[in-house]
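Reading through the structure tokens given below for one structure.
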Amino acid sequence: MALTDGDLQAIWLTVRLAGIVTVILLLVGTPIAWWLARTKAWWKGPVGAVVALPLVLPPSVLGFYLLLAMGPDGPVGHLTQTLGIGLLPFTFWGLVTASVFYSLPFMVQPLQTAFEAIGDRPLEVAATLRASPLDAFFTVAVPLALPGFLTASILTFAHTVGEFGVVLMIGGNLPGETRVASVQIYDHVEALEYAQAHQLAAMMLVFSFLVLLGLYAWRPNPKKG
Amino acid sequence: MANIQARFQLDWPGFTLDIDLALPGRGVTALFGPSGSGKTTLLRCVAGLERAPQGFLSVNGEIWQKDNYWLPTHQRPLGYVFQEASLFPHLSVMGNLCYGMKRSANVQASALDKPIELLGIGHLLDRKPDRLSGGERQRVGIARALAVNPRILLMDEPLAALDIKRKQEILPYLEHLHDALDIPILYVSHSPDEVARLADHLVVLEGGRMLANGPLAETLARLDLPIRLGEDVGTVLDAKVGAIDSDWHLARVDFLGGSLWAREHGIPIGRHVRVRVLARDVSLAQQAPGQSSIQNVLRGRVDAIGNDGHPGLALVRVRVGDSMLLARLTKRAVAELGITLGQELWVQVKSVALME
Amino acid sequence: HSEKITVAAASDLKFAMDEIITAFKKAHTGDEVDVVFGSSGNFHTQIQQGAPYDLFFSADINFPRELVKGGFAASEVKPYAVGRIVLWSASLDATKMTLASLTAPNITRIAIANPKHAPYGKRAEEALRASGLWEKVQAKLVYGENIVQTAQFVQTGNAQVGIIALSLAGSPELAPKGGYWLIPDNLHKPLEQGFIITKHGENNSLAKHFADYMDSSPARIVMAKYGFVLPGEVSKK
Amino acid sequence: MANIQARFQLDWPGFTLDIDLALPGRGVTALFGPSGSGKTTLLRCVAGLERAPQGFLSVNGEIWQKDNYWLPTHQRPLGYVFQEASLFPHLSVMGNLCYGMKRSANVQASALDKPIELLGIGHLLDRKPDRLSGGERQRVGIARALAVNPRILLMDEPLAALDIKRKQEILPYLEHLHDALDIPILYVSHSPDEVARLADHLVVLEGGRMLANGPLAETLARLDLPIRLGEDVGTVLDAKVGAIDSDWHLARVDFLGGSLWAREHGIPIGRHVRVRVLARDVSLAQQAPGQSSIQNVLRGRVDAIGNDGHPGLALVRVRVGDSMLLARLTKRAVAELGITLGQELWVQVKSVALME
Amino acid sequence: MALTDGDLQAIWLTVRLAGIVTVILLLVGTPIAWWLARTKAWWKGPVGAVVALPLVLPPSVLGFYLLLAMGPDGPVGHLTQTLGIGLLPFTFWGLVTASVFYSLPFMVQPLQTAFEAIGDRPLEVAATLRASPLDAFFTVAVPLALPGFLTASILTFAHTVGEFGVVLMIGGNLPGETRVASVQIYDHVEALEYAQAHQLAAMMLVFSFLVLLGLYAWRPNPKKG
């Protein structure tokens, strides 16, 4: 199987994008999910619903709105320009931003469920053992929710790998910068280069299969031992 | 003043907790009461796991709850043994034991050695809790709570799932602990045996309210409460080891009013001990008894006669010197012996339990 | 009795086709004409898999040609227009620009359609190469999935200029938003567009009528209005 | 033959179960043994929750496990009370109670009335388990297991979290149950009191192996096992109610060898009963005792003398007629009284417990 | 707000599609998730990985492969033709089939985690109370995994609503048959009919928000009471 340089570049970009998005979402989504799982505030409902909303818009339409928002006249664009970051569209970090936004529900929803399943008792026990809430969160809630983290990360990672509607819109298909593998495959198909599309797709599938298989083999059950 | 002041009110559908308590700041306070009487809820309020609005709690001079002030649980220097062992399922036994220890000030790792040995969990350290038996889990839970160097211990039926032999190994350790550490222990138990053995102070709960609250000996001698202790009603005497008969492994304990022989446990002469005398082990006689296997015979005066749980039984309180003993008799025996208030009698004590 | 056809048309035909169909329907009351816009490449694949389209108007004449070769067509390929590309901007005055202006430092992003598969993108690349600008501006290029997305990059201000279809730049939606400069057609190969009646439309007389209508003068007027050069005519400079 | 045959071998890291047991097909068999000795594991094997390869199990003639045959748990007509109550968290108390009932043949809804009343859970029926106290959960767990009309009951420390009063209400019911239903009950308990009261048959486990297995009275009278019962070592006599003294609420029970007076519980004359005599309640005397509150005096002959758990104590087995009693004495008393094998003595019994 | 007939038709089609897909996936995904959660077979890992694979392909590429498979020369196409169902592409049921395939991981993953979190004990209890495994599954496992079902259904439903890459490819954008709302919005955006796109998108967002809010408000905690 001979992949072109472009293919390899695209794969590398994809792995980097999905990895970074997953890490960022772990950081961003976890507190949101934790809050949703434990709060009794009335606005828990609205917040939970808003988090899931990006899902219902078609990706390229969402991409269009993000393009508007992040463009020179959009609010995000104003912000990034004021901060001296410049404009995000057509950059790798623009892709990251858009994907984070778009994949948020895939991280938050499974985590929320996992956190809810823990119940109060382990955290109470931790408190009687001198663990501050933050400490207990990291040493008790997170390990107990590990299968939830795995599910959330798989969904987020895979979804970011596969997504291309938003990516095309925000990324502008720049080789080495925003042309990720999904876009590359799409381009191959559009250009009727089926052999190359098949090859790259097969390669992605095999690679993803191995990664997923590894995750499954290792799939933790924190309660068994 | 070194003591515990607690005032909690909670209103749940079907249950109301309404407690206003002052407890001694050291020694073991037993919480006694039927299932659903609020014992666990009270412990949870003390631990800060349940929030009773407008409650008040001070422990040995430190205020933990007052008006809107609220010390979070993790800042309360307590050890808690939960009614269900509640081990962390994701940690090994060792991980569970170390969890609190690592987060507590002034605790060396060696602090675990003694509890581990005593609770017989040394061979389980690498196991995950799902591979432990019920009693093993409970023992790990106890060791875990002891390892945090607490300034107050809250124990919710810690020995319920344990066999007698194991209990008899652990109880002296807990006794020792409370002597050595000088911290208060709130101890929920359904076992009068444990209560009598460990407690200095007794709180009786029912339906979320306090029925009795006082020093153990006093509360145990109250004739209006005995039924709750069932077969194990009795009194506790403060005494001192007066002599040791090492041939027969017996110790003579002297108390205000006489002496008794008890099994010897290596307690040196002169040491203060507590002696538990169960009402069922005490019999009364008009004439000095002849030679029998009952070796403890005292002279006492009838102080009070009350009913026991069963209509055929009576509890007779006898004053021996300055101390009180309870005797459980059939009412027929009371009648046949013609027992009356103030009467002088021979008191035979078949067996006594000695506690350090 | 009434008949129904479904027309699959390349996205760049959106405005012209709507108007043509409205006119066509007036002449064929009672008949139904559905139109689906999309990527020519997708339609090409879908027709091979039996998509229920009766006519296929492609932005790139190669797609219908291949379909004819593969036996998926019920007619010859009929060229219906030649597309033109323009330099278009929403933030600058593109009417005063030429391709050479693209090297100006204030232009940081230039949008073109993906030359790899979008016909308008291919022509844009050819024009840039022919002007000797390709190497100079390549770093500024961003690629739209199709010509509409390319226009959107420009419209939202994320790219200062773009090379898009004349039919789009002159459309009622975009015309008020900016001006354009028509790129001379000698800079690129002609962007031939053609249509076929598919196998699905073989026995549908309405499909034939519609194909014929495309050659009628009302249709040609509409096409010309939207900036398509018609087969057999010379483009206005 | 109507009985239970069980043969299980399990090899876990750190624990091996190796049991080959024959148990009576009716009555209560107590499983006794220290924490971690394999009691729960044995019950789980019987229930089919743990799969011992090559095990064998037949219950009253039906084979539940043999070679590769394996009757799934849900087809075994058993009732199981788990060591931790294990209520369904998503169902109310009523939902929990009805769950098994709805799935069992020949059970009317009214079958729940009695357990609900007796276990005092009537006011909890609408609650979810997370709002119950520990003891309340356990009671619901018992009622749930009783409601399935089981042909064998497996109970893992069912009363551990309950107070004495409640236990004393439930025990007679369980006694009654096993008389009325005529089904075998395997009963894990750490309480000698419960064991002595309920059990007909006793199995002692240690480290996954069987230390003893036999009828209760016989096994309790074995001098080589007493320490395991601690304070509560004693014997059980089969007797018959001979007379009732309703003035004094006493009943005279006659056994092979004599009579004893016990508290009366409304058991009619002529009924067979079991009488539990604790070694601690028995004293021995050379001369006929004078008038004392101890009203039960028998004549017996020393049958055996053994050690008790404490070096200062001895257990003396005395034959009274055809029955055996154990007496716990200090060794000094044994020496002072000059007790020797075969000697005739007066046996004083301070208190006896009567069980139906 | 005036939606066109086409918009309304598209919305109705979307709701129908997402609803049917969610129901089918509840039926199909639940046993798979249950099996994955409880089996100890070695091929649990591979199966789990395969289930998650559709995620990593870009939707329109996946759509392309599905189109080939379901087309007259593809294996699925052969099958459906033999069964007398005809060909699936460009029909509503083709869309359903493709969406089921594509959304499978969103159903299976959260369910698997939820089932695993239940542990063995409740099922053991059920068995001692005469419940057959199937019975216990419905009366114990399902109620206890309810939050997981909710998460899975939300993700599946929302994802089906938003998806258009696969839908466009398989469905062919036929009004009333396969032109769902996401495609309709996409068309509006492609046609630069922003006002109409905004309107329909806003409408979808509001509608989805209300549905999600309702779900959240009702969000069950089977263990609390």
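All chains are identified by letter, namely A, B, C, D and E, in their written order; residue positions are counted from 1 within each chain.
Note that a residue touches a chain if its C-beta (ideal position, glycine included) is under 8 Å from a C-beta of that chain, and two chains touch if they have at least 3 such contacts.
Computed from a prediction, not measured in an experiment: that's the story for all the values here.
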Touching chain A and chain B alike: which chains? none
Quick check on the contact network: minimum steps from chain C to chain D? 2
Any idea how many Å lie between the Cα centroids of chain A and chain E? 19
Distance from chain C to chain A - Cα centre to Cα centre, in angstrom: 36
Distance from the mean Cα position of chain E to that of chain D, given in whole angstrom: 56
State, to the nearest whole Å, the distance from the C-alpha centre of chain A to the C-alpha centre of chain D. 60
Going through chain B residue by residue, note those that touch at least 2 other chains and give them in order. 127, 131
Residues of chain E engaged with two or more neighbouring chains: 60, 64, 189, 223
Find every residue in chain C that makes contact with two or more other chains and list them. 42, 45, 152
Full set of chain pairs in contact is A-B, A-C, A-E, B-D, C-E, D-E
Spell out the part of chain D that touches chain B in their complex, as residue ranges. 12, 14, 33-36, 39-41, 83-84, 120, 123-124, 127, 131-136, 138-139, 156-157, 160-166, 168, 190, 192-193, 227-232, 245, 247-250, 261, 263-264, 280-281, 283-287, 289-295, 310-313, 327-337, 346, 348, 350-351
Can you list the residues on chain A that touch chain E in the complex? 44-46, 48-50, 52-53, 55-62, 64-65, 105-106, 109-110, 112-114, 116-117, 119, 147-148, 150-151, 154-155, 158-159, 161-165, 182-183, 185-186, 189, 197, 201, 204-205, 208-209, 212-213, 215-217, 219, 221, 223
What part of chain E is in contact with chain D in the complex they form? 121-122, 124-133, 135-136, 139-140, 143-144, 146, 222-225
Touching chain C in the complex: which residues of chain E? 60, 64, 67-68, 70-72, 87, 89-90, 168-169, 172-175, 187, 189-193
Considering only the defined contacts, which chain C positions touch chain E in the complex? 6, 11, 14, 34, 36-38, 42, 45-46, 48-53, 146, 148, 151-152, 155, 171, 173-174
